[in-house]
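Paired with subunit B in one complex and with subunit C in the other, subunit A is shared by the two complexes that follow.
Let's look at the complex of A and B:
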């Protein structure tokens, strides 16, 4: 057991090293190109400059209102997608006929770029957060409902027969058989739903909005404040990576 | 046909069962007008070609499948659904809940059955000791071998303390050696307890080694063609398998089954199989 474990650890250490090396190389190339190269600072600002802007953004706390808007939209959109997706998914999974009708329908709709409906959502819900919440909830709903159907719909029939033969009631069946069997699949759906809702909300903020992190980035670009825009992009990347890490950790815990 | 036993605990009367309606592509006549008595305390084997409806009959006896026509009574009561206080099931494999430990699986069975909380853990410990799995109580089913998983399933069924055990090819997925050892253990268990066991198998040797009586099915639409008695006291030792009597009975079973297996193999296999439906015709019935 020890040898392959050690080998795997060394392999993982090596790939981490290559990943970090790649990032360092990109940063160095960026620095060299903008310090000594002929690259326009309007297209690509100097990384040192970007760093100073980032420090100023964090120190002044000016990011707080935009962050609050974006995270608020995300929280509401995800809550809607989750409650609708899990409830509908469970109800659909109870009937083979409903699965046959809705499963292809939902996966069909999920495969088209729903972001195309953003102008329509803006017409319906206005330029404010409501249109971002509605679109984020719409897109986040599909992976959640699809995985909930798959999770509850594919429980091993012999487990259900065994529980029934031992006298399990409906509630016991749900709690001790259906739920534990479906949970890992549903959690994977929730993670996907969260990720696509986040992408959709930030993306639609950059297209049509009044506030939020995506709106701020486009605003800075339109004012040619490139260093500060890059600093905001770096900030959003860190926030998004952090949120995804949290959601993945929750999923891993749920799988046990 | 033999005379029906004097003290039947299970009575099957004119049971027929079909899957799907007539004219549908999935329509299968699985069982045709089958009657059978199971005596209290005996081990009865159901044997027959694949798809003959022997598993369907077991599910009908246990109330998991409602027959299209006919009746089943267990201990004088008509069967209308699962009877967890009279009957426990052991399935082919993977019927333990994979997210629970062996111990939790046994306790959960008693929770479903309605055993008072205070008794569950003590009874679970006793059942695991009886099958020799005490040391593995904290393991998950995925960490055990196939033979150990079936011992755990047996412990779960024993802890329910039902008079009747219905076993659906419980050793079917195990290798020959593990299967023989578990068969010997089951024979010992039978001699100690007074359980009634109905055991579905497609292994001729297993049927003769374990059974007090063997019910032989015809090919689909299945019905019971003949019942053979194996008069040999439990617990049976491995040397029973080398006795002339064992071979004579095994040969007798094979000659009864031979033609039925050919008939079953000639049928076209079903495209898909849902739980409880008969298996498509295949060759597994011919071996052993």
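Let's look at the complex of A and C:
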């Protein structure tokens, strides 16, 4: 007799197998094509070579200055976006009229690909970190301010009335009613702002800069040092995934 | 007794002005769009004053100058062609991203097994920062339009796959079962049950794809370009010509707004049939 759920479990195992098989197949194809195939090493370096480069990058610690530049830009940009976004969002959310005035304005600007303004920022702030910080802060600002407005603006009226009638002051209202109700939405906005700021900063380093991880990748591409470039790309992808995981974990913690 | 009329008018006159004032206020409160325009105007005035009196004209031009220089920008040798090239890149990569997204999203959504196997991989790929691999696209596809189109597709295809798969999965199984029991074959089920139910999520996915394609194409354009607008943004930046640069960026922003608005309208129009 078959146990109930056995088929489901088998199917789950099978899809896990497909996933692993897919990854193994890609790696094997990559290895075979670059070792015995006719693929140019200038387009696709050998995976073993990439691995050696990655080990050497990590062992020599040469990534540290670039990583420090990128993370520094990200930290400052996010701090600016967060403080401006939450402050303005809170002030706007206090009046339904202000919400009607500003909310469409912000979401309208947010729907433009803001990376377009990068040349203006580079002209204005130069090629250094300042233009990356400014652009990252600009892009990170919009999801944060929009979610702060949504968070504070949509607090259940009944909760507010109940707290008022029980004699809550403004500070108590903020601390015990508004903040807990709005926090999950604001945290989601902060996570989105962080992600887009990170992407924008790496992207603008790729397009026009003097230092940082994005700049390093472009530099290696221009020198046709493909194995090292792939290694750096893998490194940046892991860093980005790690940062996003941290931010998501913070968001999940705050949601509870 | 003779004082009464003047007293009445003395009382009424201020009340009249008050009510006019309140009426004006109420009108403003009923039309937040007017206040929004006011905010934009104030920002433009601040920009104008700052650019005219405080900032080096090598770095920033006042909006009035920019507006009157639009002709200049469009008359610059090659700019209209560059705008055409960029529009062509956007259109082609949007179309291909939607087609490829539906072609992948339908089978992934229709089979539970394929969904469970491949969705995690798709989500993982969607989550990686694609700007890091932009140089690879340029090495593979050259510095012409092909690399921009490819990069735009790689941005736009994932939201379409994910939303189309989700849209297919949300069909109530009873519709499929009843269609089958009434003798519909595979194609008829696709045509009469699955496609109509996909339409709302399909148009939502088109909106997200447009946003993503704009990002991908513009990123690649700004990174390296020989004929598109990326070439001219770097030329204007190196010439310290903020008037033309702001003008060009404004034209592109307008293009982005029009494209976004077109797909958003389509989503509103076609998305409401069942909701």
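The rule we apply is simple: the second predicted complex is superposed on the first by the 235 of 256 C-alpha atoms of A that agree within 3 Å, B and C clash if a C-alpha of one lies under 4 Å from a C-alpha of the other, contacts with A are read in each partner's own complex, and residues count from 1 in each chain.
Quick note on the criterion: contacts are C-beta pairs under 8 Å (C-beta built on N, C-alpha and C of every residue); 3 or more make two chains touch, one makes a residue touch a chain.
Treat the numbers as computed from the prediction; the structure is a model and nothing was measured.
Partners subunit B and subunit C fit side by side in the overlay (superposition on subunit A).
Vertex at subunit A: the C-alpha centres of subunit B and subunit C lie 80° apart in angle, rounded to steps of 10. In the superposition on chain A, A:221 makes contact with subunit C only, not with subunit B.
Shared-chain residue A:97: touches subunit C; no touch with subunit B.
In the superposition on chain A, A:177 contacts subunit B only, with no contact to subunit C. In the superposed model, A:120 lies in contact with subunit C only, and not with subunit B. Of the two partner chains, subunit B is the only one that A:164 touches; subunit C does not reach it.
Counted by residues of subunit A touched, the larger count belongs to C, out of subunit B and subunit C. Looking at the shared chain after the overlay, A:155 reaches neither subunit B nor subunit C. Smallest inter-chain Cα distance, subunit B versus subunit C, after superposition on the shared chain: 10 Å.
In the superposition on the C-alpha atoms of chain A, no part of subunit A is touched by subunit B in one complex and by subunit C in the other. Residues 59, 62-64, 82, 84-85, 87-89, 91-92, 94-95, 97, 99, 108-109, 111-114, 160, 274-276 of subunit B are the ones touching subunit A in the complex.
The residues of subunit A lying in touch with subunit B in their complex are 156-159, 161-169, 172, 176-177, 180-181, 256. The touching residues of subunit A, counted against subunit C in their complex, run 11-12, 14-15, 18-19, 22, 42-43, 97, 100-102, 104-105, 108, 111-113, 115-120, 122-124, 198-199, 202-203, 206-208, 214, 217-218, 221, 226, 229, 233, 236-237, 240-241, 244. Partner subunit A is touched in their complex by these residues of subunit C: 29, 32, 35-36, 39-40, 59-60, 112-113, 116-118, 120-121, 127-129, 131-136, 138-140, 211, 214-215, 218-219, 222-223, 233-234, 236-237, 240, 242, 245-246, 249, 252-253, 256-257, 260.
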